[in-house]
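This report refers to the structure that appears directly beneath it.
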Amino acid sequence: MKLLVNLLKLPTFVFSVGLLLLTIFLALLGPFFYPIDVISKVGPPYMAPNAEHLLGTDNLGVDMVSLLIAGLRSSLYVGLFAGIIATAVGTFLGVYAGFKGGWIDDLINMVTNLFLVIPTFVVLILISASLTEGRSLELIGIIIGCTTWTWTTRSVRAQASSLKARDHIALARVNGAGTLKLAMLHILPYLLSYVFMVFIIQVATGVAMEATISMIGLGPFDTVSLGIILESAMNNDALNDGIWWAFIPATVLLTVIVFSLYTLNTSMETVFNPRLRK
Amino acid sequence: MQGYHVEKRGCGIKKCLKSIIRYKGLIKYSKVIYNNYIIMIKTDRLLNKPESNKKGKKMKEIKRYSVLFTACLCLVFPGCTKKKGGAVDITSFPREKTMYLAGVQWGDPTTFNPLDQNPSFPVWFPSNLMYEHLVIHNTLTNKIDPLLARLHSQTDSVISFVLNPAARWSDNTPLTSIDVKFSYEIGKRYEDAPYGYIWDYIDSITVDTIAEGEGKAERVNFYIGKEEDNPLAILDVMIQTVIMPSHIMEAKIKECNNDFSKLLQDKMDKDPVVSGPYTLYVYSNEKVVCKRRDDYWGVAVLYQNRLPKPEFIIHPIYKSNEHASIALQKGELDFSSDYMPRIWMKAKAGVRTWYSSAPYFVPAVIPMITINCTRYPLNDKAFRRAMAFAINYKNVNELAFDGYSPDVKPGIILPFGIEKAYYAEEDVQRHGPAYNPEMAKKLLADAGYTSVLDKEGKLDYMINWKGERIPTLYIKVPTGWSDFEAMVKLVTKDLRAAGIDVREGACDESLYYQSQMVGDFDLFMDTPAGTLSPSLPWSRFQSIMSARNWRPVGERMTENFGRYNNPEEPGYNTTVDSLLRIIPALSDEAEKIQAYRALNVIFMQDQPTLPLVYRPEYFFEFSIKGWTNFPTEENPYAPPQSPCFGAGRNILWEITLKK
Amino acid sequence: MLKKYPTTRYILRSGGWYFLTFLVAISVNFVLPRLGKANPVDIIIAKHGAGKTQHAIQVKEEGYLKEFGLVKLDPDGAIVRDADGKPVRSSLWSQYVSYLGMCLRGDLGTSFMNYPKKVSEIVIEAVAWDFALQLPAIILGWLLGNILGALAAYKRGVFDYLFFPLSLLVCSIPFFAFGMLLKYQFGIVWPIFPTTGGYASNIHYSFSWEFFSNASYYYFLPFMSIFPVLLGGYAIGMRSMGIYELGTDYIRYASYLGIKENRIISYVFRNAMLPQLTGVALNLGNMIGGALIAEIIFSYPGLGTTILKAIQGQDYTLIQGTALLVAIMIIAANFTVDIVIAIFDPRVKAGMAGA
Amino acid sequence: MPIFEVKDLRLHYLLRYGDKVHAVDGVSFSIEQGEVLGIAGESGCGKSTLVNGCMGLFIPPLCPTSGDVLVEGESLMNRTPKDIRENVLARKVSIIPQGAFNSLNPTRKIKNFAADLINSHEKGGDKKAIYKRLHDRFELLGMETDRVLNSYPIQLTAGERQRSVIGISTLLNPKLVIADEPTSALDVTTQKAVIKMIFDLLERKIFSTMIFITHELPLLRHVANRIGVMYAGQIVEMGTAEQIVFDPRHPYTKALMSSMLSAEPDQKQRKPVTIDGAPPNLVKTIAGCRFADRCKETREECKICKQEIRIVGERLVRCQYAA
């Protein structure tokens, strides 16, 4: 816990955790403070913000603030979902490749390159084209997760292979530790902090990717997410009619989430990155 | 730049970037063929020798790679700047001589071959700027205006047109009945030619000559097919089939030795021989440019020696219709036929429409929800009528369609324009459903359906009189079609409020198209009979209710996707098909009205589809910053159509430059 | 024989693996579109078939099936029919073989949706714009990003305190939202820059200076919607690498020896730059359809929207053709970066000799 | 006249909230030409801070409080970093860094790295001349100069790298060389080799005066003429090598010697005794003796009155009760 103590001393860490907690607080506890109603029509389409509806309405006359809160919730959900999958897959492959080395390392490297070659939205469309009931949040999370783990694998592999040379691994190997036990017991705890940082980046990528995908029109069906709000703003010509409340609040929220996650990651970098720590 | 030289190979042969390595002794020449240049790049051993200690070895290597790289880059760029179609002397088009119109062409222009299934602007079938039709159907006056020919006479067995002797092709050969016969009979010669289906309606085409003014003129007679007996459908095809230069096309057919698919490969984009006032000048993935033909035969004959005002017509190709609305407000675009939300907010930027206030456009077609009448409970008439009562039509129009549609009346006859004569208010009052949720609930209860609510009072599911649970119904709509999606969202909200368990079934565009014809849906959002043609409203009834060529679910059916009125089943209503058969042949107005009213009543009783809004076939928006005197409600010299469609072309002659 | 040349052996080995990846990528690109339930011929027929007779549709469908090699053909080219006259669909395997054959011949076939146009034609026309938009952005972003990153790492003072959060912020705005903001602010509120199209619609392609100046005027906003994100990304990467390098022993030793400051910065820059190359390889690789969002927002010409429409319309040949190009680009970029690192980074080279 | 003199040097690190860590608190010593001074002490006693001080490298957060450092009479205090870098570093005072075997730039050949050093200090000079000069110097170090000069650090053995670092550090014939723990993290055999090498460099007059910093006291006996033992930023005892090793007076030096494994014949059977506790926190100024709370013979006064350094048995001891 010594790490946590001197982490809290860092101003950037405190700032980013604060920001992140604020957004999560807004997403989870928002409905208790502000009545969330994503269905009913509360005003004419694209009504200007007024006292009662702080951010006006969208093209179907639904209150924008409740849309934003619901959208924030599902965007975070997809980001988290994708982050978990990407980090799990990436870490496992990274550690295994980094540690084993030899042809397995090349094989896993090849699989990573393979996933780089196939762009995400190709996979997304082709899978959604074959599903009849359409794209749920989980499906989008899974697909984003399955196509963004390549970055994790590469960085974890670099870490794992640099740690392999460290002496305490050689020591453990001398007294007969099997590869898996070795990896789990010795490499992983050492990497745990780094994996956590990678997880944060993956969640940020997940959120940003979900928004990008729904911009192309491949977003989740009949649920609201920040990407869907932006897409409907663009499709309904909100930009050149000066309807700023259709897209600026959603962009700000997206940026806040991703920015807080990135600052969290960099603030922990100096403390956690094993390569820096001798 | 040593080590690299370009020689120009015979132009015209285009090859994609292919690199052939040819060894000359130790020095390796990589020969890159690109477009019509051959580049010989001297690169010595590409694989680097092991650590040679020569000084500066690496620097030379880097320099060589960068030469290769920059060479490719600067050659790739002009790849997209090669000229297409005709030599281009001037590269910029003066604003005062150019008219910009949008909304017809989406996606890269592919081919300008009139025989193709889906040619690009301006060859696409309703447009008559390059290849012209025999006659024009003026949607404003509902008359047949003359173009290449004029409607001579129409009896119940033959329709005849008299060709205008002055008609000429751009290579100055006269346009004769041979061209007309070729354009129509090509459908017989090749099975998958675009207009093959005309031969279902006509038996034969004969040509004779009659006296016309001082000289002689050819008359073309179309004999109406006996078993179909449908002059309306013939008129439909008449205004869609373009007349092609037979002397050019026959030569091309001989060239590809009679292989139709090979004929389609010919894009016909280089100096095409046309009969219309404009010809294809140059095109790219960003725009198609047409140039005025000063030697157009119609100038003297049809337009009192006046040339069309714009010398160039440019159709910029946008990637989403949001760009069209921006360009229109900035005055960079003169005319657009795209859907544009909140048109009233753009009035101050000089954007005008046909009507100056709501509904802004002349309605012509009806987007509706097609119901799959073979699936339980949708095969129950009462269930369908209940749905019709549950929809808040005003709300759908205001929210999802910006109020562009006049109030929707039950039935599928438009109480406006051409169809107004067949519209009967008392039928609609007696049979037609209106927004009345209580009535919908009553109808459901009478038919034995009960809605089960969950604890928050929202609808959970429905059960029928036997207590079996009814599966949730889905309204299929493709993602990305924002106006349709908004309508379906609102309709699902209203239906669920009335206790009908329906949900929005957004699906991928490909699945949407695939499932239509084979009946693999509960309900789906579509616009049957989406083109404005003389055969309306008959063609609308035909494409919704006709059981003429019935196919069971799973096989493709080309009309009546909802499979209403199945001939094999006992409830088959013979009057629908008999009415559909006799209406086209009716000439007496009173009988026609009688027949249409009967059809409309049957429609309202059986409710095979749920009409939602009225919308124009193409929107009609123009900017007064470039050109003025566009036709409007107050100044209707031409119908509200794009200047390249049908009678809309007269706009090109009447618009004046805004000083 | 290869023992003597470690570099060449390393290149051959990684080249071999990349070629294997390439082969697998091609076959995946082939199989993926076909997994979907909808097939392109049905879609085309559904789009244009309304109102036609049964027979015309039947003939049209068979014409398309033959054209795209989806049905078995007997020796003289007629369609092999099964019992009730339906054309027998050719097996996946025979389609795959013909697809590979076409790939090797470099003929990517004709696109389903824009029918008579060859895939290679579509690609050549649009790809130049993709390169023109993204290549300068990536290269400039990389150079500027690295320089700023190294400076921020070395001069940890006010410059870093101000520059770093800013570049982090720029990085975290999703780039399409950034594009929308730019368009709204500089295109509509202050109409300084045009927001639609690659060049004014009143001029046509030409080598004239007027075309290039106009095209660069239209080029500014799309470029600015891509460039800062790349710049920020590289700057952050370089900064953390720089800080790590500055902490190393040899830099401290160099400063003890009193070596000139800009010489030390060049050490940091050089050693931190190599890992940055992998980032460039990725960006260079995705250039083909990469600027899809910038294309949609600014209606900029390019291949992105074509690929998107192809995928939505299940246009097999266009998807395969473009995916093939993307695969070639990414693998070529990664492979060249591997070689460059192998040549220029002694650590890796020594590793090779040992491995 | 002593070649290098430190007069009552006080250095401190500036921490985040303004408080200062007085890492070096009143150190003074002087070295004659040709003499080797050994400095020993636990890790964290301010040895490396002293090194930075002796080289005049006052880069924030390290800043001098008071005192003076003289190289051949020339003071290093309050001079601009540029001036220090050009005239002092590697010319007058040079250092052999701690982890010498990875202190060479991995992506540059030894000859280029050394050439950078020369170009930074002397104007121009073509490559040939520099290469020749390097060649002669590396010959002295007894290595295959051609292979070493043209290879990357990663291609050399640890010993070769160590020698190259020493070669580079002494390239400009500095007046004083500070060796900061050159033998740490090396196995005993290479330790012996490094010591032997330093000896024959001294004989060959490549450099004459040296400060040898290590925490292994017995090693100093072979190398250094005089040894100073540092604790918590102060010199607690300074005298000739024999006096410190065989006859330590200050309790800390005694404890330090007893906790060392020594290969000396008479010391073999003794079991090493560890010193419990840890060096004091140098942020707050400590009144009495800094070793008081860990010293075995501690008394009340130790904690209160300030311990001045005084002569006991011809050596300097900072403990009033030392015999």
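A few remarks follow.
Letters are used for the chains, namely A, B, C and D, taken in the order the chains are written, and counting of residues starts over at 1 for each.
Here, a residue touches a chain if its C-beta (ideal position, glycine included) is under 8 Å from a C-beta of that chain, and two chains touch if they have at least 3 such contacts.
Keep in mind the model is a prediction, meaning the values are calculated, not measured.
Note on interfaces B-C and C-D: more C-beta pairs are in contact across B-C.
Centre-to-centre spacing of chain B and chain C amounts to 33 Å, using the average Cα coordinate of each chain. Centres computed as Cα averages put chain C at a distance of 56 Å from chain D. Taking each chain's centre as the mean of its C-alpha atoms, chain A lies 22 Å from chain C. Averaged C-alpha coordinates give centres for chain A and chain B that are 42 Å from one another.
Shared contact sites, meaning residues of chain A that touch two or more other chains, fall at 125, 129, 234, 239-240. Counting partner chains per residue, chain B shows two or more touched chains at residues 320, 326, 480, 508, 510-511. Chain contacts: chain D has no residue touching two or more partner chains. Under the contact rule stated at the top, the pairs of chains that touch are A-B, A-C, B-C, C-D.
Considering their complex, residues 39-41, 44-46, 59-61, 125, 128-129, 132-134, 217-218, 221-222, 232, 234-237, 239-241 of chain A touch chain B. Across the complex, chain B is touched by residues 4-8, 11, 36-40, 42-57, 59-60, 63, 67, 106, 108, 113-117, 120-129, 131-132, 135, 187-188, 191, 195-199, 201-208, 210-211, 295-296, 299-301, 305-306, 309, 312-314, 343-344 of chain C. For chain C in complex with chain A, the residues that touch the partner chain are 13, 17-18, 20-21, 24-25, 28-29, 32-33, 35-38, 164-165, 168-169, 171-174, 176-177, 180-181, 183-184, 188-189, 236, 240, 243-244, 247, 278, 282, 285-286, 289, 292-293, 296-297, 308, 311-312, 314, 319, 323, 326-327, 330-331, 334.
Of all residues in chain B, only 320, 322, 325-326, 329, 340-342, 345-346, 395, 398-400, 402, 479-480, 482, 486, 489-490, 493, 503-508, 510-511 touch chain A in the complex they form. The touching residues of chain A, when paired with chain C in their complex, are 106, 109-110, 113-114, 116-119, 121-123, 125-127, 129-130, 154, 204, 208, 211-212, 215-216, 230, 233-234, 239-240, 242, 244, 247-248, 250-251, 254-255, 258-259, 261-263, 266, 269-270, 273, 275-276.
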